[in-house]
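Each chain carries a letter (A, B, C, D and E) given by its place in the written order, and its residues are counted from 1.
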Amino acid sequence: MLRYTGKRLLQLIPVLFGMTFIVFMIVRAIPGDPAKIILGQQASKEAVAALRESLGLDNPWYIQYFNYLGQLFTGNLGESIKTGEAVSAEIYPYLAATMELGFVAMVIAIVIGVNAGIVSAWFQNSWFDYSAMILALIGVSIPIFWLGLLGQWAFSVELGWLPTSNRFDPRDPVEAITHFYLIDTLIEGRFDQFLDVVKHLILPATALATIPMAIIARMTRSTMIEVMRSDFIRTARAKGQKMFWVVYKHSLKNAVIPVLTVIGLQTGLLLGGAILTETIFSWPGIGRYIYDAISSRDYPVIQSGILIVAFLFVMINLLVDLLYSVIDPRIKYD
Amino acid sequence: MTGITPEIQLPEEKSKARSPFQDSLRTFRKSKVAVVGTIIVAFFILLAIFGPWIAPQGINEQNLKLRLLPPSSAHWFGTDVFGRDIFSRVILGARLSLLVGFASVALSIIIGSILGILAGYYGRWVDTIISRFFDILLAFPSILLAIAIVTALGPSLFNALLAIAIVNVPNFGRLIRSKVLSIKEEEFITAARAVGMRDTRILWGHVLPNSMTPIIVQGTLAIATAIIEAAALGFLGLGAQAPQPEWGKMLADARIYLINAPWTMIFPGLAIMLTVLGFNLMGDGLRDAFDPKMKN
Amino acid sequence: MTEPLLKVKGLKKYFPIKAGVIGRRVGDVKAVDDVSFEIMEGETLGIVGESGCGKSTTGRSIMRLIEPTAGEVYFEGKNVSTMSKEELRKARRDIQMVFQDPYASLNPRHNIQKILEEPLKVHGIGNDKERKEKVAKLLEIVGLSSYHASRYPHQFSGGQRQRIGIARALMTNPKLIIADEPVSALDVSIQAQVLNLMKDLQQELKLTYIFIAHDLGVVRHISDRVGVMYLGKMIEISESEALYEKPLHPYTQALLAAVPVPDPDFMRETQLLTGDIPSPANPPTGCAFHTRCPLKMEHCDQRVPLLIEVEPGHSVACHLYTEAFSNDNK
Amino acid sequence: MNNEPNELLRVHNLETTFFTDDGAVPAVDGISFTLREREILGIVGESGSGKSVTSLSIMGLIPSPPGKITNGEIQFGGRDLTKLKEKEMRKIRGNDIAMIFQEPMTSLNPLFTIGKQLNEAILLHNKGWSKKQATARAIEMMKLVGLPRAEQLIKEYPHQLSGGMRQRVMIAMALVCDPQILIADEPTTALDVTIQAQILALMRDLNERLNTAVMLITHDLGVVAETCERVIVMYGGQIVEEGPVKEIFESPQHPYTRGLIQSVPDMRYKKERLYSIPGNVPKPGSIKKGCRFAARCEYAFERCLNENPQIYHTNDHHISRCFLAEEKEVALND
Amino acid sequence: ACGEKKDSGSDGDKKEKVLVFGRGADSVKLDPAAVTDGESLNVTKNIFETLINFGEQNTDLVPGLASKWETSKNGLEYTFELQKGVKFQDGTDFNAEAVVKNFERWMNGNAKKFPYFQSMFGGFKGDKNAVIKEVKADGEDKVIITLNYPQAPFLKNLAMTPFAIASPTALEKEGKNFEKKPVGTGPFTFVEWKRNDSITLKKNEDYWQKGLPKLDKVIFRSIPDNSARLNALTSGEIDLADGINPSDAKMIEDNPNLQLFKRPSLNVGYLGLTVTRKPFDDKKVRQAVNYAIDKQAIVDTFYEGQADVAKNPMPPVIKGFNDSVEDYKYDPEKAKKLLAESDYKGETIELWAMPVPRPYMPDGQKIAEAIQKNLEDVGMKSKIVNYEWGTYLDKASKGEADAFLLGWTGDNGDADNFLYTLLDEDNIGSNNYTYFKNAETHKLLKEAQKEVDEEKRAKLYEKAQEIIHEEAPWVAIAYSTPLLAGKKEITGFKAHPTGSDRFDTIDFK
């Protein structure tokens, strides 16, 4: 297991290298002069020239790339051109915000998606199956930004049940410890704040969860149906086992690997979808951090932001891979 | 010809020669889901083709006096801030969304097939390089990568199309690679080799045609995704540009009228959803028909 | 005696077992380990053995569908092992193969016409019309009708498909046909049809067969000579009558004893084998069979027995006979 | 008749149909037979003749949809199994009637240890047993079926076992609750001959020692000849012949049975030509009129093509579904 | 940071007065001298103070930290008398030394560190264009600033938020961290900053102006999307919202819980016509475009009437505005005629549309669409081109656009900040995006920079506007009134034309 993890990590190295290169090249290809953008419309020519020089933007691209790589090796993600802060220092709260949102969305997606899939597979062709699958189909077809806007309009503006945006009530800000406010409020014993944070999470997390939920439900259903046709399920039933346990014990465990794979892949969708959701719900997460950085040509932030998200994604998929072996004894990693 | 055991014919049903493809089409036609999907898709394709004749107004017939009118018999879907007929714009938008969907997927399939076949058939370092390249691209959440690419290329519908195509390449590439690999191991390929067939001929005559159906299935589903992605890019201002009636862009434009004039954003959103749903249904139907193993 | 049609010498196929980051080779699956035999023209050599003993690998290595690790194969005196790709391709005209799975070995997207004329096209034989005629003729030969040519594989039953597979192998008028378990996927009644067909064709067309099977009953009916494989090695090879009447190797004996006989009155004499077949990735030392052998002797687990002709035309690889043999000759 | 052992199971006019896209397929079409205490009853027939469907019908495990028992009854212990509720049926499965399947490779759940799967079967029908007791019983059964190192094996996963061992585990699992009936659906088809011989010997042995009645389903006449006392021959979803093994082999009454026996290549002698039944095994439901075997039958006459023969008794324990047997029955009755 | 935990303020008679201000983006840094973005300045405006202030809702000069000031005859020496008894929020005394230290800090900086200083005062110590020569203390309460050459808008520049006085102690102590922990003399003290979410300020209890501020706490919350921000206001999550879409004005006015605030206009939105590019190198074409565009309709539709149709490149509130210039009337026929006389051959022009809403142009995309239609009506085909904002500015400044939408918000309410900055040849490549170059206006504008006499100066600018009008490098579209909205209970809020608001006078009813 350890060896396998090590091996997989080693295999990641070329991928990570390639990623840095691709990101670097794309970012450099973005037209527009960051110096000008930082200084804004009102800036003078001299100011722009001076800034360009001090940012090293006058160097040829490969020098910039090697400088960048060199910095990466020392764990330095560069400094935000805009704020002048080290990216590594300022990125964490954004990352935490996205991870909290993504995590809650994933939990919603998994809990509802997996169970809907199971029940649909179990009672195949029942009305539940049909309606769940139709909903799931609509779910994968719905543009989440549209759904998010509609939700915001209905539940916040019209009904006033939920807050429209951000992570908490600014009048009573949560004191950040881990920057995962669900955790922080609990550590601080502020149950009222915890509820407030939950309320803020509901709309964006549901919007974000829709597509993965639908995909997971569909995937779970089809693998479950396949698994439930397999011989060992027949064996379990031939023993006289209850259908519930046959489904939730024997079938589910076997269906988990493809479902897990989908879940791993969906995190990518989730991290990408975060840009849209975070924009709509003013969620101070990494998606918006990157998006804002794109507008301000904040190269180090765009680069590092994309890389970190991609890295996270890669890591989650690695984790999923490793989980396989925990679940399936047949997968022996050495 | 003595001594050869003849095959005695059962009074078998006079079945005609039916290729698996025809068989699949029959299954496809029988599936309600698939039929509904096909109807929706066909409907939007017709809109795309005949839109200019159906739509009561052109794309950009502004009449600032008629702005933000709610749906009425004159303007079924109401009007937008320029006093343009939303119904007409939604109809005319079908062309753009389908264009992006089909063109980007076609592009990814072409590039993906070439790379996938190279990797799958030639193996070794070619495979290593191409597969790594796919890995790298796949390591990025796709929308994020698409956004980055469009930002670099400059926002436009064409660039959005291009970005979506690039982002999808590894999906097809991998699919085709794995198809090639698995078909290579099929016994009928061994049989072809045993007969003395050349590699290239095996590739074109056996491997490729047998990879087609998963590509068609995946392609249909990818069109659905591509349409949503294009709309998302449009929504972020990175896709289609004014006055193109692209649905995502219409949503973005309508966003500030959410409270005053909700119809401006309800209809384009519905249009996206319906089209995407159509492709998804059709894709599902195709998968069930062509890939019976996946059928449930 | 004339030259054998096919001569296999010291054939080996090791599949590497890879591990580690760079796919280091940590061992081998010795799928075929030093197998030699000969086949005369018009003869049928049956190869039997339990699953995983290397029968298919042997068959495929002969045709170089998998590159053998070592060994030489002579076909009509020409060394197949050293042929260039192009020469090999041409040679395959004379050596054809019939596969076990009649479902998987036909391209589901091609109709029978296309499947059958492909070998002709590949070798540039005939024009369109001639090819069509040949397809029709061969369909008749294998007991199907020419109108079947436009149908697709899935429209046929298993037995019919296997007939198509055989027809395909016959298209180029080959001299040797390697049939890899051609009947094991078929029902008993159908199996008999196909076996009869193959026998008839052999007489008709002067074919030579390598007939791979795990069913000893089937092998007996079709083979002139039979080779028994165990864990990648040929452990006994002989005229089929001799082998079935008087098996020499303890494994062959056990194998024959294990086959259920469709006769309720039949009484079994020999004791059953115990234990499982070892893995070819990690074969036992010495004689591979010693772990299950009821007659195991002291040094069986150390020395590898060689295949030795014990009686005329009957060779066996077992220390029982090496001892006996050497003792006899002392 | 009276000195024969008691009937355990009586299947009467069982009809199981699959409702597929291509219409209703009567996979089992009105079969009746009995299974007696302590006997080994063989069911032979070529692929698709309805052997498995028969056994699954008895177990109440017909995949539904698309399958359904459309007619007939299955009497066991004074009850009609086709009428039982799922809950009651569960009590019978594994406890009174146990089943093992063709594919030892796929019939065990790959993700649970052998021990866990055995324990599950034990604990299901022995409420109140402790895990320890269950494990002890499991080990006992494993030893009984000749598995070496039972104590270690219970901690291992199915993939770590060879095919023969797995089939032994399956048998042990079927027998843990001392069932009255063991249905074995082609238990050795996937195994090599030497292993097959071991398993068959084991089944005979267990049948003697535990007095379990066995229904052995196979397509191999050799297996039947060596193992069974009585045999049922199925063709196209119907029973075409039934009788004591000896009689069947010595004087088969149905042309199909005769053909089948003759076409088996016997290892003991070389035949120049094998006997072969012409034509193909028909798809169930494809022959609507006449005897299902008529098209392949060399004795077929006019009547066979138009009328489906009923079952004729050629003696008090031998039946045949062939008009040729009509005379014999008449003769018998005379 | 904010130690005290309160129970949502429901109990207790002294309810905390908290104002949540919703705005479009987060601040970049809270060191006013180091930033250029409005969202940073807006916050620092409440933490820091400048020597001179602008008037409540105009750009007249009123005392700030300096109670009085004098200018020497030659316009090269300024003497400031400072308020007494002022303390920085960290307890440091505010005095002449503190002011000098601030100036020294800026003057020793560079363009990257203090971009506004570079822009407004020509350069740093030793630069040849530097305006400020030296800054000296004259006792505790007097500061003297000497210039290298006269700069007419010098005092106005000093009143700009970036040149607020920071606590020298804190500057020294915090170093680079000062931008995250600002300390000034202003009405509010910095408490906490949650990036991309909110900045919290609390009342400066020792504020030198008695009775101010009225609020206990101000929270700046960023909600990037205009409609989302309005949603948040409607649902009560925020109390005051910046950047209200004109289209929502009516709804807000109709809402009994909300009120609309109008920011006096100090901006101009325009369509620039790059005079170096075909077909706009022809004056007739430029004039034709001016006739072709129905500005009133645009103002009505996209500014929802919250703007005046513009005719000059600067808004009327600024001294020197030439009201006698007669605007081009909407006259498609005349436009067609002019086009026919011109070199224009019917080629399709690129019409660049601003991708982001700005106070001077709430929806560039849509305005571009409307203009496109206007142009089409007179026979000029155009293609709307879009770039991401940064690229847009960059490319436009390189003269790559044919016609482009843009605008400008004044920094200090001086005509120079519009006419010279936007239309003088000196600023080609930076803010003169049309590449307009005219010897006459150049002379006039240069002269005006050094003219200390207000009236004479105004005349010079009026003349320049006439020439610019005739040459028509722009279609001046609108002087917009940016909108804010707040809860009904808010009193005492005066939106400032520069866009930076002081919250010290705000109270809740």
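Throughout what follows, a residue touches a chain if its C-beta (ideal position, glycine included) is under 8 Å from a C-beta of that chain, and two chains touch if they have at least 3 such contacts.
Since the model is a prediction, treat every value here as computed from it, not as a measurement.
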Averaging each chain's C-alpha atoms to get its centre, pick out the one most distant from chain D. E
Go ahead and name the chain pair joined by the largest number of contacting C-beta pairs. A-E
Report the inter-centroid distance (CA atoms only) between chain A and chain E in whole Å. 38
Just how far, in Å, is the C-alpha centre of chain D from the one of chain C? 33
Counting only Cα atoms for the centres, state how far chain A is from chain D in Å. 53
Distance between the centres, which are taken as Cα means, of chain C and chain A, whole angstrom: 55
Among all residues of chain D, those touching at least two other chains are 276, 278, 280, 296
Which chain A residues touch at least two other chains? 30-31, 124, 153, 157, 279, 294
Sites on chain B at which at least two other chains make contact: 5-7, 9, 151, 154, 255, 258-259
Under the stated contact criterion, what part of chain D meets chain A in this complex? 56, 59, 61, 63, 65, 86, 90-95, 98-99, 101, 103, 106-112, 120-121, 124-125, 157, 159, 170, 173-174
Residues of chain B that touch chain C when the two form their complex: 1, 3-7, 9, 15, 17-21, 23, 186-188, 190-198, 201, 205-206, 209-210
Seen from chain A, its contact residues with chain D in the complex are 124-125, 229-232, 234-243, 250, 253-254, 327-330
Counting only contacts in the complex, chain C reaches chain D at residues 50-51, 157, 159-160, 187-193, 195-196, 199, 214-218, 220-221, 240-241, 244, 254-266, 268, 272-274, 276-277
Footprint of chain A on chain E - complex, ascending: 1-2, 5-6, 8-9, 18, 20, 25-26, 28-29, 36-37, 110-112, 115-116, 118-119, 123, 176, 179, 192, 194-198, 200, 219, 221-225, 228, 231-232, 234-238, 356, 387-395, 397, 408, 411, 421, 427, 429-431
